[in-house]
């Protein structure tokens, strides 16, 4: 095959090109020809096709994501907003924090271990590229039915992959989620998030400026794995790659090398410390195509790259393949000529291969050469930032009304105390509500020696400064069942829960990232869910004052015609001035008073109870009251700062009883609960009304605490006491007049389910 | 009873970080002249009964569906002991 | 003059900064040592910290063992310098044969991170003098290749010579033979264990316990006493 | 250029949980008649130059000191390609 040079493309305008196989639509191909004024070369076609894929261009979601930039709450903490590798917020004392969540759903279904592992690798490089030291990871996960045989294949592999990669990097895993629902059977959701910390002056951006500056590719050699990964795996063509069809359209899976990534982290941090880079970008989806076009597009000049210089693992790769390869553990830096030698020295110190592959030029073009011939000559913005934008049609699904009319509040309720007790026990042991310790114990949560809170606390928390005790906290939440019933409210509930979790730990919520997992954007039902969810999230962020700093969209999560539940996952980042004031979930002190904060209504739509007991999904999700969420958060934060509470646990799926049982198990104590006068026991224990938390108040603080709640107008109801000393073998969780469950029976029910299924 | 061996190796185009780490260590240990190292898995299966074509076909299937992940790995099935008297 | 404790960084070491912090918390000076340097910078003792040196590729510790710094560490250890190997560091010590036996994949095949109870079986080593023999402590354990094995003769010898330094209590988290969590050489200067004392030196972080601090205060006392 | 293979297996007296896990899974997958499974490592070394006795002796040494930990593992060195014209 002869090389398809720019000259050749000019001379053979009619040559046939495989644009359709690369996932481009006819009008998209036409647009490329229009931009270039000729047909693209093979290499240019490769670049446009990966960069204009849904994954890289956000072509279906862009029009909706715009709101996150438009409805921005006043917030001085924001240092870098949407559009960079990750957003950056000010957390005080000169520190800045960058964080983001990304999806690696499709690869993890095909190859659970490597798919999940490289998902962690990718998000960590994003954080690193901002100039930050990665300090923690989180992993919101969703799988098919817990007892489905394929879940036995996928879950252990995903968990081992996340652990295998993250543990080897030395990043504590401080939170996440594990949710089972048969809607995820053919589309598990593997989202991964990372937090990084830096000083304000260390923030780095992905841009190539300064004519004559060198472009350096460093890290792993480029191989033939993962070619076209984003366009194949994260797009409609993925459908052809279901388990039986794997060979028909071989998915481009990559193998991760966490050791190489660890070296890359240390090497890059040392390079930052000596101020050696003018711009930097990680290589993720779309590999070099993405890195070079984004760097050049964001910078002031053009860029020239000699592809021959790229270190290869496989010498037979074509230039198109080199441009598209998604080999992991690579970074691209722009470096002033005078600093190149020192840059190379540091790479050598860390055994990292580094190569000058090009330089910043005066023009405005991205030019790529192979064997001395020009094979790419494009305006980089058209590749990186001016891809197609679709206004996909959307409409409220015809089935939505019927779904909402199928009211969960009308389901048969337990007839007596024994039935109530049995249902509580069943709930506590159900896969979604059971302890995830078997999973999270496969993750290192202690490494780096700064972990203040980790699983199973409400939020993860790490210390940022050893001397001042400044810390940051993060929680991630999402509830696909709520979002299916009402995507607008469901997205807001995801934010509200995550926000509440952070506040319950004592930290002040600052900003958010998200990972929006949905079905096919070509389905108007799904597109409506997406439009509603983004609108809901943007409105709620505005109201709560927590800007969106960045995020990720994963579409085409469906099997055949059936989409997953719409699943917006929200990660809230919070800050705490003094980590010694953090609030754990454990009930520890006998005799402390239990207060329920917020109001309880009959709200069972989408609830854990309706799923576990009735296998039902219908009605409306719990009502959202963001002003109440904000007030609750303020109370939780003040109470923690002023030492008025010793434990707090937010209420979410499973309701009050779930939270109380978890806090008792964590502390090793029992509890005695009294049903308030205005509630029936069932609603009291199992309703999922939002905006609530349970706290444990030392008797000496009771007055001060209730005064504060009263003064600020937050309903606080005394619902019982912590009962029995820590490790009392006879401790019970008792609901007076209803039932008593021995703590050890609860522990067994809560902890045996997951190992029973997967160990 | 006979022994059947299944060798599972990463496909040539897939990164083999373990093999690479071993190879990079060789010069330091004073070993020259080894241009590539790949590391894979070796399974030794003790098979009751005759290792006939049917048994080998089943082991082949086992390798394909379980021992190897054919998205990233290739495998080879070999009978190790003289065996095959069964024919 | 405070004691100088060297902390080695191999490519892929993770707990070097934590170990340096633990050394400082105990009141000694932490001296970073780089795997490519033979020079031990005149330290009084060396810690080989945890992590995944060389990605744990081949076998945990197998590649690091051949680094230049280890040539000096082996030499000095044989001459009596105190050396502590934590987790990956313990694996390196068995690969060098400074300590007998080997580390294998956990019997359940998973990475495990937990707060682990141990018994300090001897306080006559350089790193355990500040504990009582028989004292029970809880410190974090986190590894995937933590199963200690050795042949029966070696195990019997270790028991007979009082060289089993730490034993797991309550649960054996990985199938280690005879519940062994850590051992010492004959002279008591070289100690290796799988759990992580350096992650249990501050009341606030990790498990909130400080049971691991004794390792670092022991060595300090030992060194100052020797002067 | 020739390929030399080093197979490394745990010594028989050492517990092999990986092999056991495979074996335990077999009945669930519908496989009967496999009485034992052991899992080990396979290294494929590409050797520049002739694989003569001297080269094999060096690889043997490499296996003994590095590729295998003889406290717990046994190994076998095999020349895979016809090779050995060097003799």
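By written order: A, B, C and D. Residues from 1 in each chain.
One rule holds in what follows: contacts are C-beta pairs under 8 Å (C-beta built on N, C-alpha and C of every residue); 3 or more make two chains touch, one makes a residue touch a chain.
Since the model is a prediction, treat every value here as computed from it, not as a measurement.
Q: In the chain contact graph, what is the shortest path length, in steps, from subunit A to subunit D?
A: The fewest steps needed to get from subunit A to subunit D is 2.
Q: So which has more C-beta pairs touching, C-D or B-C?
A: More C-beta contacts join the chains of C-D.
Q: How many angstrom lie between the centres of subunit B and subunit D, each centre taken as the mean Cα position?
A: Here subunit B and subunit D have centroids separated by 9 Å.
Q: How many angstrom lie between the CA centroids of subunit A and subunit C, rounded to a whole number?
A: Here the centre of subunit C sits 36 Å away from the centre of subunit A.
Q: Roughly how far is subunit C from subunit D, going centre to centre by Cα mean, in whole Å?
A: Centre separation, subunit C to subunit D: 31 Å.
Q: Subunit D: which residues touch two or more other chains?
A: 66-67
Q: Would you pick out the residues of subunit A that each touch at least 2 other chains?
A: Expected reply: 257, 259-260, 351.
Q: Return the residues of subunit C touching two or more other chains; collapse runs of consecutive numbers into ranges.
A: Answer for subunit C, listing residues that touch two or more other chains: 54-55, 57-58, 66, 108.
Q: Sort out for me which residues of subunit D touch subunit C in the complex.
A: Subunit D residues touching subunit C: 10, 13-15, 17-18, 21, 66-67, 69, 71-72.
Q: Touching subunit B in the complex: which residues of subunit A?
A: Spelled out, the residues of subunit A in touch with subunit B are 110-111, 114, 220, 223-225, 246, 250-251, 253-255, 257, 259-260, 313-314, 327-328, 351.
Q: Considering only the defined contacts, which subunit C positions touch subunit D in the complex?
A: Going by the criterion above, the answer is residues 58-59, 62, 66, 94-95, 100-102, 104-109, 149-151, 175.
Q: Which residues of subunit B touch subunit D in their complex?
A: Residues of subunit B touching subunit D: 1, 7-9, 19, 22, 25-26, 29, 31, 33-49, 55, 58, 62, 65-67.
Q: Residues of subunit A touching subunit C in their complex?
A: Checking each residue of subunit A against subunit C gives 160, 163-164, 167-170, 257-260, 262-263, 350-351, 440-452, 463, 466, 469, 579-580, 759.
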